[in-house]
Amino acid sequence: MQQIVSDAHSYAARWIGAGKTADYIPQLAKADAGLLSVCVTDVEGNSFFAGDSAVRFTMQSICKVVLLITALQDVGFEGVFQKVGMEPTGDPFNSIVRLENVSPHRPHNPMINAGAIAVTSCVKGNSADVRFRRLLDTTRLLVGNPLLEYSEEVYRSELETGDRNRALAYMMRQGGIITGSVSQHLEVYFKACSILVSCREISYLGAVLANNGVSPRTGEALIPPGYIKIIRALMCTCGMYDFSGEFALRVGIPSKSGVGGGIMGAVPNRMGVGVYSPALDVHGNSLCGVKAMEYLSRVLELSIF
Amino acid sequence: MQQIVSDAHSYAARWIGAGKTADYIPQLAKADAGLLSVCVTDVEGNSFFAGDSAVRFTMQSICKVVLLITALQDVGFEGVFQKVGMEPTGDPFNSIVRLENVSPHRPHNPMINAGAIAVTSCVKGNSADVRFRRLLDTTRLLVGNPLLEYSEEVYRSELETGDRNRALAYMMRQGGIITGSVSQHLEVYFKACSILVSCREISYLGAVLANNGVSPRTGEALIPPGYIKIIRALMCTCGMYDFSGEFALRVGIPSKSGVGGGIMGAVPNRMGVGVYSPALDVHGNSLCGVKAMEYLSRVLELSIF
Amino acid sequence: MQQIVSDAHSYAARWIGAGKTADYIPQLAKADAGLLSVCVTDVEGNSFFAGDSAVRFTMQSICKVVLLITALQDVGFEGVFQKVGMEPTGDPFNSIVRLENVSPHRPHNPMINAGAIAVTSCVKGNSADVRFRRLLDTTRLLVGNPLLEYSEEVYRSELETGDRNRALAYMMRQGGIITGSVSQHLEVYFKACSILVSCREISYLGAVLANNGVSPRTGEALIPPGYIKIIRALMCTCGMYDFSGEFALRVGIPSKSGVGGGIMGAVPNRMGVGVYSPALDVHGNSLCGVKAMEYLSRVLELSIF
Amino acid sequence: MQQIVSDAHSYAARWIGAGKTADYIPQLAKADAGLLSVCVTDVEGNSFFAGDSAVRFTMQSICKVVLLITALQDVGFEGVFQKVGMEPTGDPFNSIVRLENVSPHRPHNPMINAGAIAVTSCVKGNSADVRFRRLLDTTRLLVGNPLLEYSEEVYRSELETGDRNRALAYMMRQGGIITGSVSQHLEVYFKACSILVSCREISYLGAVLANNGVSPRTGEALIPPGYIKIIRALMCTCGMYDFSGEFALRVGIPSKSGVGGGIMGAVPNRMGVGVYSPALDVHGNSLCGVKAMEYLSRVLELSIF
């Protein structure tokens, strides 16, 4: 397995230089486009990695999975899915059009920005701080690192450049999808996006999802089993932005990507995968990351299809 | 003329009870749907009225004309129209879709909400208070009433229910169309919408526009003549929400309507028209108001076409 | 007046070379981009012209005005406007989106392609030939040339490249807006688009519209007066594609343009204007033609606003 | 297994009466809404069924899977996917909007109507008859019935009501996605939609897909293994109209449904599922059919997620 992970790294490294780092936040644009790390954690808890695996990066949209898990625990299946749909859209992740054009005016799924903000509004707590702490604690548990923190600098940057997300939130409050303080919901959401993780940690999160919610190391049940298929299905149909369909076809691993350059995948009953490389393709997915996952899927026959 | 104005009132009164008052703000919904007033002010300054002409109501979208006049004076033709287009859209007045779908991402014209907010951002002043006072002073001048005020109660209501407008503003700030504090721009915009006028006063504003910017009473030039055709043309193509085309065809008077129930019209070189009746048709125009204007246009041959 | 027309020609000629001829039909692309002619016909029937005024070109969308006149005569106001709206759209002339997205699924106005095809379906006759002959006869009458013909070559070209219009027609037949043979309707429509006219002839059509439907030369009533305001209003709000709003503001003459390079304008009670220059701007309007009309409007104060 | 299939039938039968048969074609509307059949064929070739399993119905959109298989064999992966994307859309199956709004103007995936027509255009043959015969032969092979035929009556009905599909086809020919005769492509497509199958036959098709392209009965390789993951992935993300996302989450079986009332599912390496019940839900999927698949998935743990 170690050899295969190293080979996946070498294979993906051929595309270093081909993508470009996210430019909508200055902090993301500054990332070193040459970085690449690949990590696999199997459901026995063994990890194999290659490349710059110590580098930390912000979760960005990968946090949408943690938001969904927390919201499901807080308000249940019906509570979450009265505010957000389950359908892929084929639109860019930050699109606002369907909130106006398609009735009911709820966002189409929890993996686009509008949907993730609606899901955030389901996370309980009587202050932004309490709500974010609960999310951070859940994330720490799921990635197996009790010292996880968020980047205040990236969070500030998100706040400054977050007008599109504000527009989405106000459209949804107008439509009755969310209630309460938009700025509080966005504080929680932006901080969640800014949580710093390593490639190894997201492979561990993937392994928990692969292992039906049970920690591969401690055997502890971290996510109710009833939610696992929901999360893995949504990752598969909606997790890779408007490349989700092609990714299903080419890779076939339920995955969630973030514009920070990370991709987290969960191969049911087998393993979690984490890749990191900050240069993105046109869809907003890590370009080398997708290549590494293609390689792993082909060689290890990981596609669920 | 007095007879014709009275007849227009009687004619329009047949439709009392057919529309419904705006429901998106509680204060507007509370208006007495049975009210109806009609006023004509000719370019010599003579006024003729019928009905409940002392009733005051909020300008709502009629203020978009004053916003445009003030912005043109502050930043000029090029300054305004680099931020907003000149094209009718056929969409509802509060639509957000084109800000995402159509490039460049500026609003299509100054008579839809997004456009009016962009125009508001052109009104100069170093505080919301200063900027609104300037708008209020211009409005007082144009309607010939130095005591004009806005309704604090309606303004509060606009603030509370203004999430759609916030969404529009944040989309535009993301797109670089507006800069600065969204909440300040919206304070100015919402207060302008809340200015209280009478039917007679808006007919006077119409008369100034009809008289090429010159006050019919004092002979003073209130609006630079170069801006008059711009304003009248935009009122004609975009002033009656997504009924503008049909209104051009059926009435043919450049007009601007507001969901408060007012309609202000300007018949070039002849007269201004003001009508008020708070029950609206499906497009958001005063239902009896449109009927009164149809009557006046037919009998007095006011259509510019 | 002759001097002014010549000056308008000289002024507009400065932009020769700036636009490009329509490329969606090979026959239009082959036109000499250097051609420019300007003609004014006043309501007394006097014509003044400058430039290549003998050149003949296809009416293209200018025929939409004749289609509307004929359909109004055939099925009346209600008959036409149950199939087509009266609202400008801000969309490109050949757009299909609103036929799906906006209910009722009728085209927004008679000046976009979908609307013109719906209007064509109202023109009576038991064969394509009969229906087109009737249109041709009406056009001959309105432009004052009993020898007018259509270009078989351009018609063939329209047929070959007309898939977008076929898509529009089938969408409308699905929606119940049109009935009968799509290919017959399109034969009539494409032939109408292919009618060959001169700049002088369209200025004469404009003069008839300006003169409230009465022939300036013969005094004969050619169009029922009740339809004149409808036609002039629709030309004003929708006649210049998605530049109609700006044209209203800058020129203010109810006009209809065609991608063949012609623009026909009607100044109520004063004159008709015809301009021809085949190089188009980005909106599909004759670039030099718009310039010539701007000049005439400014110098002769022709704006209706 | 027989007991479970019978139980699935009993469970689903509770919803008989809740949906309504497709009304866009008279022949489909006439179907008996009380019919329900369920069939499972495992990868060893054993079949288990319950209900009205002898009833034949038209494949409708289920034929899109056979079209895709045939097109992949005729022009290969690159040939097919230069004409059609791989992304789910969240739009209704017959939507035209994205062909205009989203560039490149190819349909989003092979499972919506536009995409299936584009895929049909890839099926080789020098006449509609030859092309359809090839499709029919492939279908016969894949469902294991050499006597399969299509319904001339339903085909005629499709032809008569197929204007929306014509619009899609002409939009695509305009955009260069398809070439050649639209009416020939549609003849092939409509006939493919009209192929008559039984519930048992589509479960056999599902079993071939589940068994990686190999016939469970004969052991013959019917579909190149390289295409199997493509087909199963597209069925999963796009196969159940705009319910695909929710179906993935609730059932998790790559499936394709048709408005004739059939649903065909493929559980990798385990079994094919065929259900038939002509009353549809709001998305166009067989209402009882979805219930039966939910039951089977839950009891047999068939979800791939």
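Each chain gets a letter, A, B, C and D, in the order it is written, and its residues are counted from 1.
The rule we apply is simple: a contact is a pair of C-beta atoms (placed from the backbone, for glycine too) under 8 Å apart; a residue touches a chain by one contact, two chains touch by 3 or more.
Just so we're clear, the structure is a prediction, and the values are computed from it rather than from any experiment.
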Please indicate which chain is farthest from chain C, where distance is taken between mean Cα coordinates of the chains. A
Taking all residue numbers at the chain A to chain D contact, is the shared part over half or under half, that is, same or different? same
Nearest whole angstrom, what separates the Cα centre of chain A from the Cα centre of chain B? 47
So the centre of each chain is just the mean of its C-alpha atoms; given that, what is the distance between chain B and chain C in Å? 32
What is the distance, in whole Å, between the centres of chain A and chain C, each centre taken as the mean of its C-alpha atoms? 54
Find every residue in chain A that makes contact with two or more other chains and list them. 101
What topology does the chain touch graph have (line, ring, star, complete, other)? ring
Partner chain D, residues of chain A touching it in the complex: 85-91, 98, 102, 108-109, 228-230, 232-234, 236-238, 242-246, 248-249, 252, 254, 268, 303-305
Listed in rising order, chain C residues that touch chain D in their complex are 95-97, 99-101, 163-164, 166-168, 170-171, 173-174
